[in-house]
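Here chain A shows up in two complexes: once beside chain B, once beside chain C.
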Partner chain A sequence: MAITSIKNLKEFSTNNDRFEGAHLLCPGCAHSMIVRELMNCTDDNLVIASNTGCLEVSTAVYPYTSWDTSWIHIGFENAATAASCAEAMYKARKKKGTLPDADAPVKFVAFGGDGSTYDIGFQWLSGAMERGHDFTYICLDNENYANTGGQRSSATPVGAHTSTAQAGSHSYGKKQKKKDMVAIMAAHGAPYVAQLAPNKWKSMAKGFQKALETEGPCFINTVSACTTEWKFDPKDTIHITDLATDSLMFPVYEIIDGHELNILYRPKNIIKVEDYLGSQGRYRHLFKPQNKHIIERIQKDIDEKWALLQRREEARI
Partner chain B sequence: MAKEFELNEVEVWDGNYAASQALRQAQIDVVAAYPITPSTPIVEGYGAYVANGYVDGEFVMVESEHGAMSGCVGAAAAGGRVATATSSQGFALMTEVLYQASGMRLPIVMTVVNRALASPLNVRGDHSDMYLGRDSGWIQIDAFNAQEAYDLALCAFRIGEHLDVRLPVMMHQDGFTTSHKAQNVYPLKDSIAYEFIGKYIPVDDMLDFSRPVTHGAQTEEDWHYEHKAKQHKALMDSRTVIDDVFADFKELTGREYKRVESYMMEDAEVALVLLGSSVETAVLAAKQLREEEGLKVGVVAPRCFRPFPYDLVRDALDVSSLKAVCCLDKSAPGGAMGALFNEVSAAAYSTKARPMMTNYVYGLGGRDFAVDEAKRIMKEQKAHADAGHITTDIQQFSGLRGPKLGFFKTRRD
Partner chain C sequence: MSKGLEGNDNRGARELGAEEKVGWDEVTQGVVLHSFVGESKNAAFLKPEERVYNDFNSYTATVASWRIIKPIYNRDICIDCQNCWVWCPDTSIISRDKQMLGIDYDHCKGCGVCVEVCPTNPKSLLMFNEAADNDAELENWPVKEKKAK
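Let's turn to the complex of A and B:
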């Protein structure tokens, strides 16, 4: 049974402590906030699979583990397959009566970074979604390969500096647009797809609960601010995430059954993307005169996307 | 409950169907698979059992072989019996996860219907895929015909799932020559087969929440080495478990298997060492040469490719009359001697007889290997024996068109 009362953050944050504070993630890393929110929003037993990446290398270093629940890591690309086939095993054993506790509800969750989700694990994720397993895939989207020192991924936004799409005298950073993973997952016919942010913790917890309760494969993209690669002060993680959601760089919304789009957070004062970009070292070069047009392009893309999301919400398509 | 499958005392099955029947009888909880020639019929056969109520586990048709092995790992960690099948390119695509499966000590059973690796693309049988798996930490057992493919698949579950082993097992058979050749197969009744395999015993079960487990942890220079050494020990020690399971199987069926099969070695002067369906060809050739020319030829066939049976290969070759041994490798050697040559030479070096060792590459991409060619190679060994030194290059190619290929000369004359 999911926890229904999530009124108080303090209470919520210490509920069901199944993810230990002892881990090797950078101070200020949003990955751990998101993972804790997931694990605190339900009382059900959890089987968690993680792709290779910061979360995995920081939480299961033998002989220690931060996971006080069942957890598995195989490789960089296949957490969706691990979770979905663990779910298949659950079904088989339930049928055959070989589960240690047949009545206890179990939820299957896979975590992947944007590198594993948008790039190398794309096929595995797509396969698991298509097969219709009852599981939830959560992408910790920090828009780069953080674990290996900050290389570009197909989730890296236009203009960001990464070590393999560098800003320099002849380059403004990444040239290609971010892949729209939420739309791709919705197009799989997934019953629940969302983009959530840990600063909007209530909508995030509710979104997680919905995904866990919905039968079938659900996908959630979460913005996960990375202090090391985005280059901001570790104490500012939530502040940076506020700027991300208030500038609509990361709109918070859900799509039910592939078509019913609901905007879950509507900023009272939409801020200019400049304020978001200016808060992080990875965008510093955009403020040089020759790159001003890139900031304009980013703003234009954001405005168009926001208009589209609103139109879709209204039209229910 | 799954329906019982009515079986005759003798069935006419090919290797693929024999393997799929063994999987059915093992009452696997999850099969995660992807089709590829020539192993596709195993997966299709299993699909038919699912569709008709002969198994009650889950059948997950994934999007690739990498996905198939990943699914097997995830499912196995969730505490049940898991199996799959593949060949060639599919096997190659799985490689990353093969190492992860064995490192995570998950007793998955995989039937590998051996096929050449591209390029050039080729669907016929050779041992390239089997050789690709040789450092992956899996137990590798080789069936030479359809009956063996059935029998040994039943044994594979017992071996891999044994609490002292807990390692994944590959069951090999040759593409087409075994997988698509129908022959008489004597199956066990469902209940007897299942009783032989036994119930699955979960270890570090992800669905047992009274004891949370972390699978697939990170280790660096502090612990990785110890893990790998321990895994190697488990693999080496699995030899006694394999022997015990084969002994039990013999008691049940009368059919005897050994980690190394040897034929007519007691008084052999020359011998061939090889794997797979060619073993029957070599044995036939040896018998004929003994009858026709009184040539004392023997044949040695490691049934267990991993753990490599150095002990029993050495025993088989430790015959005082033995002068020359030729190892036949059905895989492109890629700039080295064939793997079988290397392993067998290592074992032979510590025999008293220390026979002369040569290597033939043969049968690549399904090139036929017939009795006459086996005889020719045997006679060539006899020429080495008579001369007292290797009279040819150490590595040669059998059945190859164009100019003769040979590499490396002996200094032992």
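Let's turn to the complex of A and C:
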């Protein structure tokens, strides 16, 4: 099986892109950085399913497609359903001997936004994970329903301003904590789950390759900085993602077989979450005196989570 | 826009959105769009210039008109690190055989990410007004910046 080399970026760049330009994602959108990397980390045929969201509506604007692989568009809830059922069909036809090119290696991948993954497609994702299909589900987590104007999702962190959890004189933005989707997926008994970030391209490519090579249902949450809804300059997508991983707002780690936790990126200098929050318009209101305690709460949550991840890594539980 | 760089003849051949429109009730339901003409081969083994792109492939469309600023590439300083390649969201950095060749101006949206991630000093990529003349800007390329202490 041909898996492309990711020893260094020069070698990685010899891959032939299978995700084309003239899609309609915003300039600087991280969704396409993540998708390109997934498609470049393997030479295998890909069957990809995307449900409704920024990625899907921007890469299949009739009469165009930006995908050089098999790609299925399906309704909001069903990225996992489409990918897992394509996999089931493929297996069945292989068994019956009705596949035209049965020996060609093929991988099944689903892309969903956080709105679909954490909320609206949650049940269908859970079902596909439980059925145990051989596929990889990748959540493009931009922490809001970006495609419909930035509503809050259960992936939106405490304190973020969204169009349905607005900051104002009586509100500091979203009140509830972000759902821990990685833990929920690990609890399904998935053989490989991870949280990865596009600024750490190598650990992301390695994680993608591991997920594709692992038999069974794998889940990856990727941090996808959204210039439009997070409110930052499009040129800063990678810088903002650096702040996200270096403040540990988005720790980068994997969990194998539900218990073997490995931290994949340990910042040399852990930065204060203030520096991350201050880089984006959606958190601007938190710097008002009456909201400072929210920043303290976010920092405390981060510190506790990081301590927990490290304890779990050590204890292998 | 002149190609001048590795690419397929029909790259960016049409303005996105300029195609003939049909009414919502005239669109074929459940349509399949073929990315390539003829039998589909695994594109992972073909460079863009070796592919036979179908008109349905967005490769054949251009979004150049989205840009108000554009990156200009200075080969003389570039160390071919490929940072710009891995992080370009619009598949617009043209690299072949570990070398950065230049920018695909048919698909670049002018986000400026490539400039931010370029590690050389001075940078090998800089943003300019869309109307700027590439050759003139290359002549006036900034010199090495001293590190702020």
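The definition used in the following text is that the second predicted complex is superposed on the first by the 310 of 317 C-alpha atoms of A that agree within 3 Å, B and C clash if a C-alpha of one lies under 4 Å from a C-alpha of the other, contacts with A are read in each partner's own complex, and residues count from 1 in each chain.
Keep this in mind: contacts are C-beta pairs under 8 Å (C-beta built on N, C-alpha and C of every residue); 3 or more make two chains touch, one makes a residue touch a chain.
Treat the numbers as computed from the prediction; the structure is a model and nothing was measured.
Could you classify chain B and chain C on chain A, in the superposed arrangement, as clash or fit?
The answer is clash.
Could you look at A:104 and tell me whether it touches chain B, chain C, both or neither (first, second, both, neither)?
both
After superposition on the shared chain, which partner residues are touched by A:172: those of chain B (first), chain C (second), both, or neither?
Neither partner.
What is the contact status of A:250 with respect to chain B (first) and chain C (second): first, second, both, or neither?
neither
Check whether A:130 is in contact with chain B, with chain C, with both or with neither, and answer first, second, both or neither.
A:130 sits against chain B, while chain C stays out of touch.
For A:265, decide between first (touching chain B), second (touching chain C), both and neither.
So A:265 meets neither chain B nor chain C here.
Which partner chains sit in contact with A:56 here, chain B, chain C, both or neither? Use first/second/both/neither.
first
Would you check which partner chain A:145 touches, where first means chain B only, second means chain C only, and both and neither mean what they say?
In the superposition, A:145 touches no partner, neither chain B nor chain C.
Give one of first, second, both or neither to describe whether A:67 is in contact with chain B, with chain C, with both, or with none.
After superposition on chain A, A:67 lies in contact with both partners, chain B and chain C.
By the touch definition at the top of the document, which applies to A:36: first (chain B), second (chain C), both, or neither?
Touch partner of A:36: chain C, not chain B.
Going by the overlay, flag which of 2-10, 20-28 or 74-82 in chain C ends up clashing with chain B.
Here chain C runs into chain B along 20-28, and the other listed stretches stay clear.
Considering each complex separately, which residues of chain A are in contact with chain B in the first and with chain C in the second?
The answer is residues 45, 60-63, 65, 67-69, 104 of chain A.
Where on chain A is chain C touching in the complex?
9-25, 27-33, 36-37, 42-45, 59-69, 104, 198, 201, 233-239
How about chain A: which of its residues touch chain B in the complex?
That would be residues 45, 47, 49, 56-57, 60-63, 65, 67-75, 77-78, 81-86, 88-93, 95-96, 98-101, 104, 106, 123-124, 126-127, 130-131 of chain A.
If we count contacts the way the header does, which residues on chain B are in touch with chain A in the complex?
Result: residues 29-30, 32, 56-58, 60-64, 66-67, 70-80, 82, 96-97, 100, 104, 200, 205-210, 212-219, 223, 227 of chain B touch chain A.
State the interface residues of chain C toward chain A in the complex, per the touch definition above.
Per the touch definition, chain C meets chain A at residues 12, 16, 19, 27, 31, 33, 35-36, 42-48, 51, 55-59, 61-63, 66, 80-83, 85-92, 95-98, 104, 106-113, 115-117, 127.
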